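Structures are listed in the sections that come next.
Two complexes follow with chain A in common, the first pairing it with chain B and the second with chain C.
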Partner chain A sequence: MEKTVTPIQVERKTLTYETQKRWLGIAFSLPALVLLFTFLILPVMLAFGYSFMSYNMLNPDGKEFTGFDNYIRLFQDGIFLTSLKNTLYFTALVVPIQSAVALGLAILVNKKVKVASLGRVFFFSPVVTSMVVVAILWTFLYNVDSGLINHALNFFGIENQPFLLSADQSMNSIIFMSVWQAAGFQMMIFLAGLKEVPEELYEAAEMDGASVWQKFRNVTLPSISHVTGFVLIITTIQAFRLFIQPYVMTNGGPSDSTKTLVFMLYENGFQFRDVGYSSAIAVVFFFIVLISSLILKKILKQ
Partner chain B sequence: MKKLLVLSTAAMLSIGALSGCGKEDNKSAEGSNGETKLTLWYPEGNTSAAYQEVIDAFNKEHDGEIEAEIEFIPRGNKYAYEDKISAAATSNTLPDLVAMDGPNVANYADAGIIQPIDGMIEEQDQFVDSVIKQGTFEDKLYAISPMESTVALFYNVKMLEEAGITPPKTLEEAWTWDEFYAAAKKLTNKEKGIYGVNWTLDYGEWIIYFTGPTVWSNGGSFIAEDGSKADGHVNGPKTVEALKYLQKFTKEGLVNLQPTPTEFEDGKAAMMLMGSWEWAKLKDYPDTEWGITYYPKSPNGEQVSPSGDWAWGVSTSAKDKEAAAELLNFIHTKENVLKLAAVEDKPPARTDAFTELAEWDKEPLNVLKDQVLETAHPRPLTTSYPVLSTKYGQAVQNIFLGGDVQEELDKVAKEVDTDIDRKN
Partner chain C sequence: MRHQTKKKAGKVITTMAILLLGFLFIAPLLWMIIASLKPETMIFKDMGLAAFLPKEITFSNYAQILFSDRIHFFHYMWNSLFSVSMIVIFGLIVNSLCAYALVKLKFPGSDLILVLIIALYVVPFESMLIPLYIVVNNFGWINEYPALIVPFIASAFNIFLFRQFFMGIPKELEEAAMLDGATPWQTFWRVVVPNSKPVFATAAILTFVTHWSDFMWPLIVATDESIRTVQVGVQYLFTDNNIEYGQIMAALSLTTIPVILIFLFFQRYYVQGITSSGVKG
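For the complex of A and B:
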């Protein structure tokens, strides 16, 4: 009689090279993933949950589920609509102005002269200065009676301007100083892009008799388009987060003219300790930024 | 397999190390040699050194039994200190004894982060009324402070003499609104760039604190007595009238809306509505001769002045209530109150301490003493105080910039009432 032997599958004791590599990759990225989860993904998820609750910061045990109450209140809140409008206004102006200024500066300091490197330091120095410090300094500059800017305007025969004290001028004043403070950063990115443009392209254009404008329009811009896209997206996201300037310079006033979404979020969350409501603002803010970035990306692709 | 084990262990260790970072023992605990540990928080400032001395003395007296440790928290000019307390309350890391600005007592007591200290305070009858009132919520005492504060009218002696104005010397003669306004108008000199009055416009607690007496003096209020409603109070006719009066000063340019921090000291403002703590700083400007007179009163009301200073409460996370009471009483003995008050020349909150301070019976400090003992008014006690203080401050700024008084205050009433409804 023949014995039938069922073949026994022998489990492999050693892992294949591929599997080992995969595990190694996971192990190496684990610390980063854990950090990312704890400090980014988890808070976002919590905020999403809290936005459906009534939650007093001082009394975490007393929180209760209230459904869409916070969102209903939010869309009926006049201050929310004002803050949204202000934030969009700031972004719509700052993004093109700041990017254009940054590109201009980058072209300026890209020249191969000694002064150019000095210029880079000059234009970049506001970026390394803390925004709080810059904001305080500019509050002095914008002072109606004793501010430097009004003195300069007087010199040209222009009357004293109220700047931060006027609901019409406060946001524009903040836009101006924000561009001054941050343009240096985008300038550096543009500069890196400009350095990549091959010299031969310019030489060829010159051979064809291209003017300075034509060279800029047909050589420089297309060659740095990927950098431009990147700059526009980060500037947009930064602009949406406007907070320090109004917090330090105007406290959101006068008449809520400089109140932004993040300012409102801070005020409700920390000062009024209404975690639920401010989480709802955060969630809405998250979607606004997300949608804007997606739209911008789509436009840039074309 | 061995390698995998090593790697996963390494990974787990790194997580373990991470979670280890966050551990901090901030609660009262038994020390290594059996002594009770107490922690305290106080906003960083001029009194820091004196407080440290008081705590050191306490530790010496209670060597081996209780050890207290005080931490000074930077305050900034807004609500940074309050933000820190909120964060600590959320994570259960509050100190045993926590200092808070008077009007926050109701909010903290209601949220249950501080506990009643009824019957814990020795010689409670020695404390001025305004301190007890400010520290009381729903008929229970929650906080007490060693010092008081007030706002008075500082004036430049020379400028007033030149203009032929004699400031009032007694409480009964205190200026009425009209007299104060007339003086400010007369003292304003636009050509020389001199303003009649200086008042600070910061974005924090100051606005409700310094304009409060104008409102109360006129019979106005910020919120219903029981804290249930702001509508009809913060936007009531008497309050509106009071702010319309203050608006006259800014509209007519008697006040600089963006003053330098030393406008009065530099002789660019003839008078200054300022806190009682300011006079100690004026000593650094010997060229400017100054005096103090009373906070102006409404023609149809009584004399009122603001009050409130940093008060001590016992947090609900304090385990050893007896030790906390011991420390609380130690801070508030007559000797220590005098010591702390002397640092910033603040008025002490104990009446028996005043008797030791002869200087406060003479001009100009007698004005401050009179106000603390006779006319002090606590700020409103409401759980919605943060909203009230913030929104009212923003509204007053808009009013000073020319906004419509009724409209601005209506907005405040609406916001505060929304917050009250939310909490109930």
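For the complex of A and C:
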């Protein structure tokens, strides 16, 4: 039968196949595109629109265009400046610390030892644990009198620390916990990068008598630079989104020391129901995330 | 010889370092599970190593949060399991079809759409939280299951994940199907899907774990107890003054154990998803 198919028949077949393909392409992608538009693109556009309005959910008919009023109010709001400062502080510390810890762990579990895969599971398990669970658990661990961490510090002769109860220590306590929770994620990405570094490079360096540090500096780091760049960018974006930890552990306190941009956005939107003001925070937040990742991308390219 | 012993010493040091650090990483979770099995009075009395060594094991904490009349944790778990499973099932269909259409069934504008979708991936969810609430409210979905499901079915990340995989499927496979007279739809179902099981597994697992952990959104749209999810439920228990610590520990463990099991069983797919998003992209 196959032999009887003439070239003309094949051509006609592919032609209808092509048009069929085009229409099916539109039909196949339509559900996702409609959903993405309704629940992603539209809300983003609305956020921009609302940010120029006076709009409270408790009084939905009192919508009014007020220009840049929300933004002017924002930059005069002391709590906003504190939240911005706290968010930047968290990001500035978490990104380098977490990436360094992750790289260290990745190098460890990349070694050919029997416990490497066990280590991978251990380092990664906090990542699959949800942030809410982690935050509740660590509130117990950080407890001044009955927390295991203070108990361990006592063992080494250090007196009880207030941790979450002190404005000086609260953010650092959250940073420490966040690194513990998420380092395993970046570790996996670094590990994939390390696996692609050719063994010969290390052998050549060894022949030249390179020390462990020199091998790390001159072979490992340059070979995984693209992975490092990716890790730094996703960790930065993730860090800016800080919310669950202060919400669960400190409620933004003590004295606003753990209040963040997203916390403030949530507070204004869903406790004070101030859609306009909250949207202005959302827009500023969006641009901070976007601009920081663009700057990082630029720096890392060099 | 010297080189050999040096290597051996290095291995011993690495092993010790992994085990020691590994314990530090796993210790809080270990404590959580062990404390959930202890009688209430012992949880904050056992300190130091005793915190990790239960003298007496009891399941009463679990029994109380799962089957008591006051706390409906079993119901919270069901709400989460149901809504997350729906996101996974519909998400796999919708996102794989979209990625396939954009990669293989090119139509006018499909390349531009792909670029736009990848760009959408950088929009942080929090920046559209309030308007999304208003959109969902207009559909009348507040305190209804669709609020927890529908906004998360289409995912720019998953479309990207599928796209990466579908690009690697050789043209010859589809051409063979086409010459056999298969329609594009049949080609997708009979050729592409069976050859793409790993990416479906990866997308399913990543989606499940991500949305099982969702907190902020359910906190806002699922305020009614009948639809409360597991993460919000555990947070409510934490702030409830009339509850025992052992019960909170049991709730924390129940929230965590499903995802730990998924991770242990499907580790390969999970890790593939994380790394393929970054290293090759």
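Basically, the second predicted complex is superposed on the first by the 267 of 302 C-alpha atoms of A that agree within 3 Å, B and C clash if a C-alpha of one lies under 4 Å from a C-alpha of the other, contacts with A are read in each partner's own complex, and residues count from 1 in each chain.
Everything below uses one rule, namely that a contact is a pair of C-beta atoms (placed from the backbone, for glycine too) under 8 Å apart; a residue touches a chain by one contact, two chains touch by 3 or more.
This structure is a prediction, so every number in the text was calculated from the model and none was measured.
Novice: Which of the two partners, first being chain B and second being chain C, lies in contact with A:I291: first, second, both, or neither?
Specialist: After superposing on A, A:I291 lies clear of both chain B and chain C.
Novice: Once the two complexes are aligned on chain A, which partner has more residues of chain A within touching range, chain B or chain C?
Specialist: So, of the two partners, C touches more residues of chain A.
Novice: Could you look at A:Q271 and tell me whether it touches chain B, chain C, both or neither (first, second, both, neither)?
Specialist: Touch partner of A:Q271: chain B, not chain C.
Novice: What is the contact status of A:F185 with respect to chain B (first) and chain C (second): first, second, both, or neither?
Specialist: In the superposition, A:F185 touches chain C alone.
Novice: Would you sort A:V109 into first (chain B), second (chain C), both or neither based on which partner it touches?
Specialist: The second partner, chain C, only.
Novice: After superposition on the shared chain, which partner residues are touched by A:P31: those of chain B (first), chain C (second), both, or neither?
Specialist: After superposition on chain A, A:P31 lies in contact with both partners, chain B and chain C.
Novice: Looking at the overlay, does A:V144 come into contact with chain B only (first), chain C only (second), both, or neither?
Specialist: Only chain B is touched by A:V144; chain C is not.
Novice: According to the stated criteria, A:S54 is in contact with first (chain B), second (chain C), both, or neither; which is it?
Specialist: first
Novice: In the overlay, answer first, second, both or neither for which of chain B and chain C A:P254 touches.
Specialist: first
Novice: Does chain B (first) or chain C (second) touch A:V132, or do both, or does neither?
Specialist: So A:V132 only meets chain C here.
Novice: Could you give the residue numbers on chain A that contact chain B in one complex and chain C in the other?
Specialist: On chain A, the overlap between the chain B and chain C contacts is residues 13-14, 20, 23-24, 27, 31, 35, 38, 143, 146, 270.
Novice: Give the list of chain A residues in touch with chain C in this complex.
Specialist: Interface residues on chain A, with respect to chain C: 10, 13-14, 17, 20-29, 31-33, 35-36, 38-44, 46-47, 50, 105, 108-109, 111-116, 118-119, 121-126, 128-134, 136-141, 143, 146, 148, 151-152, 155, 180, 184-185, 188-189, 191-193, 196, 226-227, 230-231, 234, 237, 240-241, 243-244, 248, 262, 265-266, 269-270, 275, 278-279, 282-283, 285-286, 289-290, 293.
Novice: Quick check on the complex: what are the chain C residues that touch chain A?
Specialist: Those residues of chain C that touch chain A are 11, 14-15, 17-19, 21-23, 25-26, 28-29, 31-32, 44, 47-48, 51, 94-95, 97-98, 100-102, 105-108, 110, 113, 117, 120, 122-135, 150-154, 156, 159, 178-179, 181, 183-185, 188, 209, 212-213, 215-216, 220, 231, 234-235, 238, 245, 248, 252, 255-256, 259-260, 262-264, 267, 271, 274-275, 278-279, 281.
Novice: So in the complex, which bits of chain A are touching chain B?
Specialist: 13-15, 20, 23-24, 27, 30-31, 34-35, 38, 54, 56-60, 73, 143-146, 165-166, 251-256, 267, 270-274
Novice: Which residues of chain B touch chain A in the complex?
Specialist: Result: residues 1, 3-4, 7-8, 10-11, 14-15, 18, 79, 82-83, 86, 89-90, 107-108, 111-113, 193, 203, 256-258, 260, 386-387, 390, 393-394, 397-398, 401, 403, 418-419, 422-423 of chain B touch chain A.
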